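Letters A, B, C, D and E mark the chains in the order given here, with residues in each chain numbered from 1 onward.
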Amino acid sequence: MLELLPQQLVNGLALGSSYALIALGLTLVFGVLQIPNFPHGELYMLGASFTYVLVAYGMNFWVAVPIASLAVVIVGILLDQVGYRRIDTGGNLSLMISALAMSTVLQQVATLIWGAEPHTTLSPLPGVLRTAYFSIGYYQMLIFAATIACWLFVWVVLHRSRLGLAIRAMSQNKMAAQLMGIDLIWIRIATFAIGALIGGFAGSLLGASFPIYPTMGLNPVLKAFVILVIGGVGNLWGAIVGGFVLGILEILVSAYISSQLQDIGTFAVLVIVLIVRPNGLFGRAEVLR
Amino acid sequence: MLSIENLAAGYDRLEVLHDISIKVEEAGSVVVLGPNGAGKSTLCRAISGLLPCRHGKIVFDGKDMTGASPADRVRAGIVQVPEGRQVFPDMTVLENLRLGSWIHGEPKGPDLQKAFDLFPRLAERRNQNAGLMSGGEQQLLALARAMMARPSLLLLDEPTQGLSPVAIEQVATALISIRAQGVSILLVEQNLSLAEAVGERAYVLETGRCALEGPAAELLSSDAVAASYLGH
Amino acid sequence: MSLLSINAITQRFGGITALSDITMSVEEGTIHGLIGPNGAGKTTLINILSGLVKPSEGSMEFNGRQNGPWPMASAVQYGIVRTFQQTRVFMGLTARENLRIAHVAGAGDANADDLIEALALGDVLDRVAGELPYAVLRRLSLALALGLRPKLLLLDEPAVGLAPDEITKMAEVIRHFHGQGLTVLLVEHNMRFLMELASRVSVFVQGRLLFEGTPAECQNNPTVIDAYLGRGLKHVEH
Amino acid sequence: MKMMKTLLTAATFLSASAVGSFAENLTLGELHPVTGPASFYGLVMSQTLKLRAEQTNEKGGLDVGGTKYTLSIATGDDQAQATKGVAALRKLMTDDVHFIFGPLASAVAPAVKPIIDKQTDLLQIIDGSIADGVVNGKNSFRVQASADTYNNAVLNYLTENKVKSVAVMTDRSHQGFVMSEKRMGESIEKAGVKVTGLEHFQIGDTDFSAQLTNLRASMPDALVLRGYPGEGALITKQAEALGFKGQIVWEMGAPPSTVMKNIPSAQMDGVTNCIPRMMADYVRLNVPNALKLQEEFKKKYGEDPGENASFSNDAFWILTTAMQKAGSIKAPDVAKALTEMKVTDVPNLIIQYQPYENGLLFKDGQANPPSACQVWKGESWQNPPGDKIEMTTKN
Amino acid sequence: MKQEITFRWVIPAIVVLLAVIGIPFANDYLLYVATIIVLMSILAVSYDVLLGLTGYLSLAHGFLYGVGAYTTAYLTTNSGWGYWPALVASAVISGVMGTVIALVAFRTRGIYFAVLTLGIGLVGYQLFLVLEPITGGVGGFIGIPGLPSLPGFADAPQRNNLVIALLVLAVAYGASMLFLRSSIGAACLAVREDVVLAQSLGIRIGMARLCAFSFSAVFAGAAGSLFAAISNFVGPDDFSVMATGFQTVVYVVVGGMGTLWGPVLGAVLIVALPEILRGASTYAVFIYGLILLFFILFAPKGIAGFLLAAAKRMSRSGRVVISKEAEAR
């Protein structure tokens, strides 16, 4: 079985990059605003659904992706304004419940509009790269590249732009940020917009390889929370590394132990990580460094 | 320039400030003294807009600022150096300064140069994380950061807190040179020597009210202040 | 005999030294004052003595027991109880529930009636703490600490934010329990209040112990006056 | 407390309206997921039943022993969840419903079984679930195939095509497939086909590469996928990407419309699906009753009836015929009629049930729908050349 | 506060009254829905001891509920135990399991605690699927014996179920009240309100919250046990994190945390709502989500908060009337 290892590792990287892509937006919103944005999974679902609809109406896939992602940004900002802003001081628990309620509402709206039947956007980039040791779809490579690009994008925004400066300031010291003359409301909106953009983009891309249906975001967002904990809340690099670690881990458990134990393996690792390091693998203090 | 009339403010059910009236003249410098618990920090927070006024009026440059947001006040020229410095610990010195000039966009060369001239130490450490600096250095950074906003009124909340005499001297020197540039200063302090060095007029707060008021030199040398502090 | 002796305690946070090499003792049955300008390290010392934070270096002895400081629960068990500078009571619970928590956690059968009477809490027992006036909350928070029947009470600015008549009342309360044999380490900025109560005073400046003596000695000691008022800056050019 | 009151009034109101006040009314119940993730399966079944009931009423109602009954269908929405299904069934029972079509979901069937087993005046005809051990032959019958019938279809395919080795991937959340997995593996081995691997996935999974990489390495001639078409399509795509070149065999209800929404048709070319014959299959084979339903359904709902419509349609006819034969609408009488019913007794059947001994439709409550394999070609499943259906009913 | 103490007795009294009046007349469906409501109330009340008293959000309770259900299923079907010993065993095993989980989980705090227990809940659900020899895997257990009949209820199994469930709820409610009043309960409250202050008062916070967790686990197990016997069937789907685990949180929050009686009302509303909305089936879950959102946004103290505020207003206006009468005299 060991001769399959290269292929399995490639499988793991491909799976991991889809996880990382979803975790990225979640960790940003969580790190800056301390909101466990459970409906990130539904933003992902909406990105996929919007793209599907646009492509079904004949739009070119590559045109549809940015349009769908931007549409998701609007939904994301609405989520924040409707569901979170009002209860921002209400503590973690209220935020979590509000998040789950919005998650349910979005799923149901999607069911009412598009039905529950799974569908997939046709892959715009079929074809497979085959080597002696492994094979990988071109589209999977594209997603891998997109994951790295998104990470770079967020990194550049946070560390090379004025907006990013303000976001980081807000996450480190809200009071001082206000004293700099920064309008926290706009920074908040911007943060949510970026988070939603990446979530929608992830869905838009992944909807061309995975089935799209109203509850498709549930599993990925659970995994993303695991990644968040492994990688450290608000730690962008941790989200990427955590995503890949989780992806490879799942594949290896499935391949070398049992495909029945895939999920147990994942969540058992989460439990063990938290037992050994109650604040996550890379610690809690790494917020947006 | 700044005129505070009959201000009242506080937290929840606790009213800390009652009926405070303070004036700062154009290019003037005023110190507000008082022992801990007198309401000094609350006054600062009310002026910079972090805390709503329950009563009274804050007028700045002829405009009523009573209900304005903190950001609006910064834009109008009221810039606060908060108590306990509050630098952004995980950001570099340079990034802290860039945030200081937020309302003017990216910092211009001359502004930065001015800050570094004032505090050469900061220039040396421009790429160091602020959280790793000593208390005195952090205070200088907080001061420099506030100056990046090109304030017309600089509001300082106990800048000497926890600082060594050497560091206090540095702060004093900086404040004097800032004043010389025509910036009005409202210094809230416990430390009399800094107040003596900087202040023209002084107010003494006691349990949320103005107990004394007068020219700084006169007031500070009087026994009344010491009494209010040491309970003679 | 000293009830508490502190031995070379140092505390550093990041690049800042909050306390350096503090050695002092508190005699049994005294009210010992602790003064100093803001940021001098007074609250940090209380945090260490009560077990909330661990010091970087140093140790303490209490009531013949060595190798302190101890974790909070143990410290309380040994008889060290503290209050907080910010009023800290269980805001969502009634005064009665608050007291119940304190008594339950206490070692023995505290005389609740005496406590309630001395602190004038009888009328508010069934009201939610969050709805009580500030001065009552201050007394309630003191009652929580006293309910545990401590040997040593660490009081962090009990008079802050109180009106003059309330301050007088607070002083009476402290004296009342002091009269019952309580030792108090009192951090306070209100000098009149402190000077009236304390028999000994330690002055902290910038994390160092600058002076120790009677209140009168403190008030008249020039170094204390300069340090406390912050006078003595000679090198600043005008 | 206002809530409680509202609940009570609402419930009373609902039950009152459902029971109706005319003696000639007969309400038939159904347990199908008409909302929730499985609704795209369940809705069609519900619609088929309602269509049939309406038509019967238009013709003056169902004549049982000289009395004409106006039929109505009471829908119990189980959302494919066990507890919801039990509540829905209890509600139907409370509303004096004695005949239940369904359920569809394998999670619901075992949950309602203990209740149904205990009833003496309740009759169930399962038209969806293939779960193990849910039919008792007394008051619970099934017109849908059992899991074993599904598996036999695959087994027949493997032996007929002389497949030497096979790997199987099963959705481990699908009760019917999982419970019969071991039996299936054994019967395949017994038939002389090597089983090179049994792997699992779960509904909602998006990555199967680990399992597929392992399976591919074991070099089977064929790969059997058991689950739902969303995952089926995805596995098929991923298997190809990973270089699997053998035959892919599906074992799942997979309407072409769903398949096409998830995989380019070209990529499906040659994939075989081995299951009991379903609606579309009978339409393609020009079974007259199937064509009729297709036409009527399309007229009423504007869509094709979907795979499971044939089961609901036949369940309806089998039940109503049994009532007429029994001359009674008492559940035990009807159950007795069902036990004695012959395939040829029921007109209008779409499915060409294979009769048991003496031409009986049910044995221990289980009917025997024929299975076959279809091959994907162009944009739908096609019957392989020479496939034809043996007509067992009058059409 | 006084009102809250009154409500603590009034609400259970109303429940008992309704049961006494309603049980003889209700049909099987209403009885079943009522029974499920009572089961969920048992879960909610005991869970409130954890969430309401300590503020720790556990998502592992769906699993513990399942442990209780599977224990009863296994013991009564495979080992031939009678129901009552099986009920006790289920509660004990779930309690022990809960204690072990708590020992692990309380190493973390806040969101990490929630995520860790979420992980445990997900692993637990998978274990129900995978440990086929014990749990029956995806097929679960069919043919679990029903609840034993109480005297006088032999012919009415549905009524019997409801009465037994109500009795267990009464035990759970009473035990929760005792817990709340005990020294450990007080310590838990202290932990929720202000951990640092609690510590400064010498409270062993670890012990307090551990007790609360174990307590809730015991009754989660008992509720699960009842569920198994009442349904005669157990399958893994009922014990997923999203099904029971999260639902329990919703009952407590919508009902009003920390009041014990609020969560009962929460369970009533949340379980009854989909049944009431059965007519509007397509929109049921949607409306359900909106109602949840409404509560958390506009009534964060839940139904209990509403009722308490209303009671306060009424008693206040009552007082005004009385004083006016006094003036008139």
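Assume a residue touches a chain if its C-beta (ideal position, glycine included) is under 8 Å from a C-beta of that chain, and two chains touch if they have at least 3 such contacts.
Note that the structure is predicted; figures quoted are calculated from it, not measured.
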Those chains that touch chain C and also touch chain B are none
Overlap of the chain D and chain E neighbour lists contains A
If every chain is reduced to the average of its C-alpha atoms, which one ends up farthest from chain E?
-> B
From the centre of chain A, which chain's CA centre is farthest?
-> C
Between A-E and A-B, the pair joined by more C-beta contacts | A-E
Please report how many Å separate the Cα centroid of chain B from that of chain E, as a whole number.
-> 54
Inter-centroid spacing, chain E versus chain A (mean Cα positions, whole Å) = 33
Distance between the CA centroids of chain A and chain D (whole Å) is 37
With chain centres taken as the means of their Cα atoms, state the distance from chain C to chain E in Å.
-> 43
Indicate the residues of chain B shared as contacts by at least two other chains.
-> none
What positions in chain D touch 2 or more of the other chains?
-> 35-36, 172
If you look at chain E, which of its residues touch at least two other chains?
-> 129, 282, 285
Which pairs of chains touch, using the document's own definition | A-B, A-D, A-E, B-C, C-E, D-E
Chain A contacts chain B in the complex at 162, 165-166, 168-169, 172-173, 175-183, 287-289
In the complex, go through chain E and note every residue touching chain D.
-> 14, 18, 22, 27-30, 32-33, 36, 129, 137-140, 142-144, 231-233, 235, 237-238, 243, 265, 268-269, 272, 274-276, 278-279, 281-282, 284-285
Taking the complex as given, what residues does chain B use to touch chain A?
-> 48, 50, 69-71, 74-75, 79-80, 82, 86-91, 95, 98-100, 102-103, 105-106, 145, 149
In their complex, what parts of chain B are in touch with chain C?
-> 13-14, 16, 35-37, 131-135, 158, 160-165, 168-169, 172-173, 176, 189-197, 207, 225-226, 229-232
Chain A touches which residues of chain E in the complex?
-> 51, 55, 57, 104, 107-112, 114-116, 118-120, 122-123, 126-127, 129-130, 242, 246, 249-250, 253, 282-283, 285-286, 288-290, 292-293, 296-297, 300
